[in-house]
Amino acid sequence: MSSTTQQTGLIVSAHSADFVWRAGGAIALYASRGWNMVVVCLSYGERGESAKLWREPGMTLERVKAARREEAERAAGILGASVRFLDCGDYPLRVPDEALFQLVDIYRELRPAFVLTHSQRDPYNFDHPLATHVAQEARVIAQAHGHHPEEGVLGAPPVFLFEPHQPEQCGWKPDVLLDISPVWQTKRRAFETMAAQEHLWEYYTRVALQRGVQAARNSALKIQYGEGYQRVFPQVTAELA
Amino acid sequence: MSSTTQQTGLIVSAHSADFVWRAGGAIALYASRGWNMVVVCLSYGERGESAKLWREPGMTLERVKAARREEAERAAGILGASVRFLDCGDYPLRVPDEALFQLVDIYRELRPAFVLTHSQRDPYNFDHPLATHVAQEARVIAQAHGHHPEEGVLGAPPVFLFEPHQPEQCGWKPDVLLDISPVWQTKRRAFETMAAQEHLWEYYTRVALQRGVQAARNSALKIQYGEGYQRVFPQVTAELA
Amino acid sequence: MSSTTQQTGLIVSAHSADFVWRAGGAIALYASRGWNMVVVCLSYGERGESAKLWREPGMTLERVKAARREEAERAAGILGASVRFLDCGDYPLRVPDEALFQLVDIYRELRPAFVLTHSQRDPYNFDHPLATHVAQEARVIAQAHGHHPEEGVLGAPPVFLFEPHQPEQCGWKPDVLLDISPVWQTKRRAFETMAAQEHLWEYYTRVALQRGVQAARNSALKIQYGEGYQRVFPQVTAELA
Amino acid sequence: MSSTTQQTGLIVSAHSADFVWRAGGAIALYASRGWNMVVVCLSYGERGESAKLWREPGMTLERVKAARREEAERAAGILGASVRFLDCGDYPLRVPDEALFQLVDIYRELRPAFVLTHSQRDPYNFDHPLATHVAQEARVIAQAHGHHPEEGVLGAPPVFLFEPHQPEQCGWKPDVLLDISPVWQTKRRAFETMAAQEHLWEYYTRVALQRGVQAARNSALKIQYGEGYQRVFPQVTAELA
Amino acid sequence: MSSTTQQTGLIVSAHSADFVWRAGGAIALYASRGWNMVVVCLSYGERGESAKLWREPGMTLERVKAARREEAERAAGILGASVRFLDCGDYPLRVPDEALFQLVDIYRELRPAFVLTHSQRDPYNFDHPLATHVAQEARVIAQAHGHHPEEGVLGAPPVFLFEPHQPEQCGWKPDVLLDISPVWQTKRRAFETMAAQEHLWEYYTRVALQRGVQAARNSALKIQYGEGYQRVFPQVTAELA
Amino acid sequence: MSSTTQQTGLIVSAHSADFVWRAGGAIALYASRGWNMVVVCLSYGERGESAKLWREPGMTLERVKAARREEAERAAGILGASVRFLDCGDYPLRVPDEALFQLVDIYRELRPAFVLTHSQRDPYNFDHPLATHVAQEARVIAQAHGHHPEEGVLGAPPVFLFEPHQPEQCGWKPDVLLDISPVWQTKRRAFETMAAQEHLWEYYTRVALQRGVQAARNSALKIQYGEGYQRVFPQVTAELA
């Protein structure tokens, strides 16, 4: 691609914090390379992930959403990304076709070079598999010549599934280990804006360290922090090494 | 790596023709880039794949082996590779620990940057899963500090499993599609030295065309011929696009 | 837990007879231990499992439902459980979000110590996978602090999937074998209230005997009748034996 | 069955061309044996598979649908089948319960001896798994005594899943290889009416040749062209050879 | 095939009783149709399945083997089959290449139209997966032109895996349900010669009844007794109904 | 069981350190409850896991083995277990039938109430799957009445597979999460005797913390440190909660 065109990466996140824990390294890495990184949050996570907020007296749904939105924007800002919210609710997330078409429009607008989203299954969180279904269905519609035929169609950006909280229980297997060592401090700082989920800071720091050890062991490179991803489609390449 | 050091790719093939049908494109591609491509044939395929030879009057085991060896060397020459034979028999292939250690020595000698071998299962050919088992076990032994401790250990070269004859029946799934269009004519010429298996020429030409179409569809690139591979280990990378 | 508090088990059944064949042993066993066992039937099974009733002249949907309800209540009474009906229809079962929230309320009200429901897949009956999906989604919503934040949230009761009619075709694998020998006669009596499905009495008696033999063989205990369950979540324990 | 009664085969196709590429051989084969072969297209494929049409100036949705309909009818005519269209839209296909019940009525009307439909998964096309879900759910409802109890219920016709475009990526495995050599020319002619998808003619000719080679190799019969199918239910038979 | 040539079915059984419980119906059915049914027992089952015999005072290995052989021959006689014993030991079964080649010779001699053997996995009995491995490897060697090139090679007889004791634990899934109702009484009589394993009579009668119910439900035929099989290779056919 | 009889747990470890990282918590827990915990090391791990030792000048195989033995005994002592060594070599481990029978004798001698061993697959270490195969095959032989018929047979102790280094790559899924918080300090001290593998201390501390968080989340209990296990056989129980 031409060096003068900014490339884009798209992240489809069910709730407003998922992208930080699960893909914050990839986002910061590509942002640091000058990419336009765009996060779409289907929900603010206003019910399922906001326990701490709900314990405050007089809390309302709108105030929780606003707090979550602010937090997510702050985290995205640290990572170098922008965020868009589709406000589809959570626990349960429900995505009507209008929201699906909004996401199709975003694909057509951004023409991302890759997409990051949730695992295919997650018995702990039904919003996550729905989010990945929607992210993938929207991508396929954006490829169809007959959808808004006056627009150019989307190519075939690869889709990577980021790590769920309990990977083996979700049938998720990392087949890509991304070296995020250069941006680890950025990801950690983005974590720390997530005041509502402080208990997860150490958990995901350990995830990054374990994936780093594994990346080193699978490559004989020196890697300290990693993020794992599962591919949905085969890698197309001219290189095996 | 330094531009002055030639890099190496290792192919572990059960029988003396497998590497041509299944990995001929990768071999020719890397040979064309100046790599040292080395094929290890565990067997000459003197029983299972030599129907045409055995129909000649007065044929003996030694003459079949010699003919197969010559054919394999000619094919390798066209592709730009060298071949070594461990002569472990076929139908059934049997690999004693001495042969395993020979293969360990080859890993230590060549320090390949990647390894290509057979699928994990194949109900049509029990020599293929054995070959991949041996290829992988030798790789792990070559990594052990206590095996010939005076030698340097092997790093962690990725292992790619090439396409079996009936992929779905072998539980094989391509997660890498390699563009072999630039070297297709070379691969096809190497095919054509395999006089004993002429019935496979068109079969594997069609395989290359189908994988080419799929590679194009998964990438929006123009690709005409492809080879499919399955990774054994996660890809370690700094790039998602 | 305090010995003065009655504990609760929740069974989510697609149709009004499923809980008898598939979980009647567990229900009777826990009822005999003084637990409050509550069955939620999403449907009366008024279309798919009522062939015999529909053969009666002048039969109407309301009369079938009433007959099924009475049967289910009688069977539950024998087992020692109570039943609640959500009347969502069957063939096809359709569960709107209002019914989902009713089930969430039931989780919050009962705070069950475990949940029994259908297998994840069943090509013979699409209502069963939907029922298990709803049972699990409701459980997760009941765990969310932001759902009716004034109520206490649900803990993490384990979920067990009971045996479908053709287990291998449903990808169902028993990883728990429950000894139901002490309550077998009760389960059998509950069966026999299911006049509309008499052809299943012997079928499920044989299932119980097979699972009993398998339970004995996997434990070296004397067990005559068993019920198989598949866990959705890992068992958390301080005991391996 | 009586030799005087015409038997029926039902094909449930998401888009108006799928049945040609994927099941055209089976359709032509059974039509040539005097069967009534009926294709139900849930959608005209007016958005996803009509790139060529949409490139024509002044094209409208209605004109695309009409062109697709005509094409499908011409192809079906060549194969010896009739087609019905449920016009549920595509990219995304959406099947309301009314359309599901239309399909149930078709099952009850036709009482097919077998059903052909899409694979269970397809990350390239979300309409395909939905079509197979609907085809199977309608079949089960048609078996229920309580659905239109005045009608006779459906038996248990086997369901075969035809080959998706990238079989390994869809988790599809052929466990039936059908010899379509006698009708290959008919299938090829039906292909050639699909002007909008000319790029697929050679692709699916190669698929037929590969499946033919594999059918020959799995049977020691002479077979040139094949179609692969995956069974949903176990085969019930009195023959192993 | 010519009606004047007797066809052959081959059963490869790890221990001397397995063929009765697991494939007795298929054997009796084909014997009743005039086929030559040949059972190869790799072992007498003298250690693992002879608890009752070993409880007799003064029992020796040779006496156990003799008793097991006699039992197996009697059972085979009732079913209408002959038995051959390779006497490879059990618990653990060990099959040296000489025994493998004996089995290859048997394949070449008998040219069976189908083969029945054990499941691919069985955590309760490691001899069973070894037996199926050997049965399949011998079949492949018998197909090789270079193995005893003066003999004609074997075709491609389908291989069916019979039902293990705890099917779900072995990852075994029945994809063929064979109607054995016409020969059930014969199978039951063959059971009853297995005095050493009387506890299994009722167990395998129930298995036959369950598979019978399932066969009926998958076909709408009247079937009372069934045997389940899993195919190793795709079915090659000209018929879908 | 009688309160006066000490119960036994058996751990089958490929190399002399595996049991510490992977099962040290279970060992310490049961030792603290008065059980007899016995570790069998098939190998000293003298080649694959002793990099640091081999870097010392003048190192010999015997000195490495002695050092590893001493380390393992020290670690076992801290955990409260005894160790036995079968000295079968590593990289590659090779287990002749004599060693298998030694292990059978150990089963018969100890009559363990449960068994802990390696995962079924491990592409990073071929000794691990072999160890689990041997551990399980020996258990089955120890159950056979005809193996040393004068001895009493083994019952059916459950087998638990402990966590491999890269769980998802080994197809390992934890279906039991054991709370090891009470003995964590003991496990950590046992770690620290493993001077040759200091780089793993923090890795396995993080594993224990992650499994602890997961155990808490799956149970709503307070658990800080956990060990994950996969069951080979179904759990036989009278309790679901």
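The chains carry the letters A, B, C, D, E and F, assigned in the order they are written, with residues numbered from 1 in each.
As a working rule, a residue touches a chain if its C-beta (ideal position, glycine included) is under 8 Å from a C-beta of that chain, and two chains touch if they have at least 3 such contacts.
Here the structure is a predicted model, which is why all the values come from computation and not from measurement.
Steps from subunit B to subunit D, minimised over paths through touching chains, total 1. Homomeric contact subunit E/subunit F is classed as different-residue, with under half of its interface positions used by both copies.
In this assembly, the C-alpha centroid of subunit D lies 37 Å from the C-alpha centroid of subunit E. Shared contact sites, meaning residues of subunit B that touch two or more other chains, fall at 124, 169, 174, 214, 217, 233-234.
If the chains shown are joined wherever they touch, the resulting network has some other arrangement, not a path, ring, star or complete graph. Chain pairs that touch one another: A-B, A-C, A-D, A-F, B-D, B-E, B-F, C-D, C-E, C-F, D-E, E-F.
Across the complex, subunit C is touched by residues 46-48, 50-51, 54-55, 59, 61, 64, 91-92, 94, 123-126, 169 of subunit A. Those residues of subunit B whose C-beta lies close enough to touch subunit D in the complex are 124, 165-169, 172-174, 202-203, 206-207, 209-210, 213-214, 217. By the touch criterion given at the top, residues 97, 100, 133, 136-137, 140-141, 144-147, 149, 232-234 of subunit D touch subunit C in their complex. Contacts from subunit C toward subunit F in the complex involve residues 7, 9, 26, 29-30, 113-114, 116, 155-158, 160, 174-179, 214-215, 217-221, 223, 228-229, 231, 233-238, 240-241.
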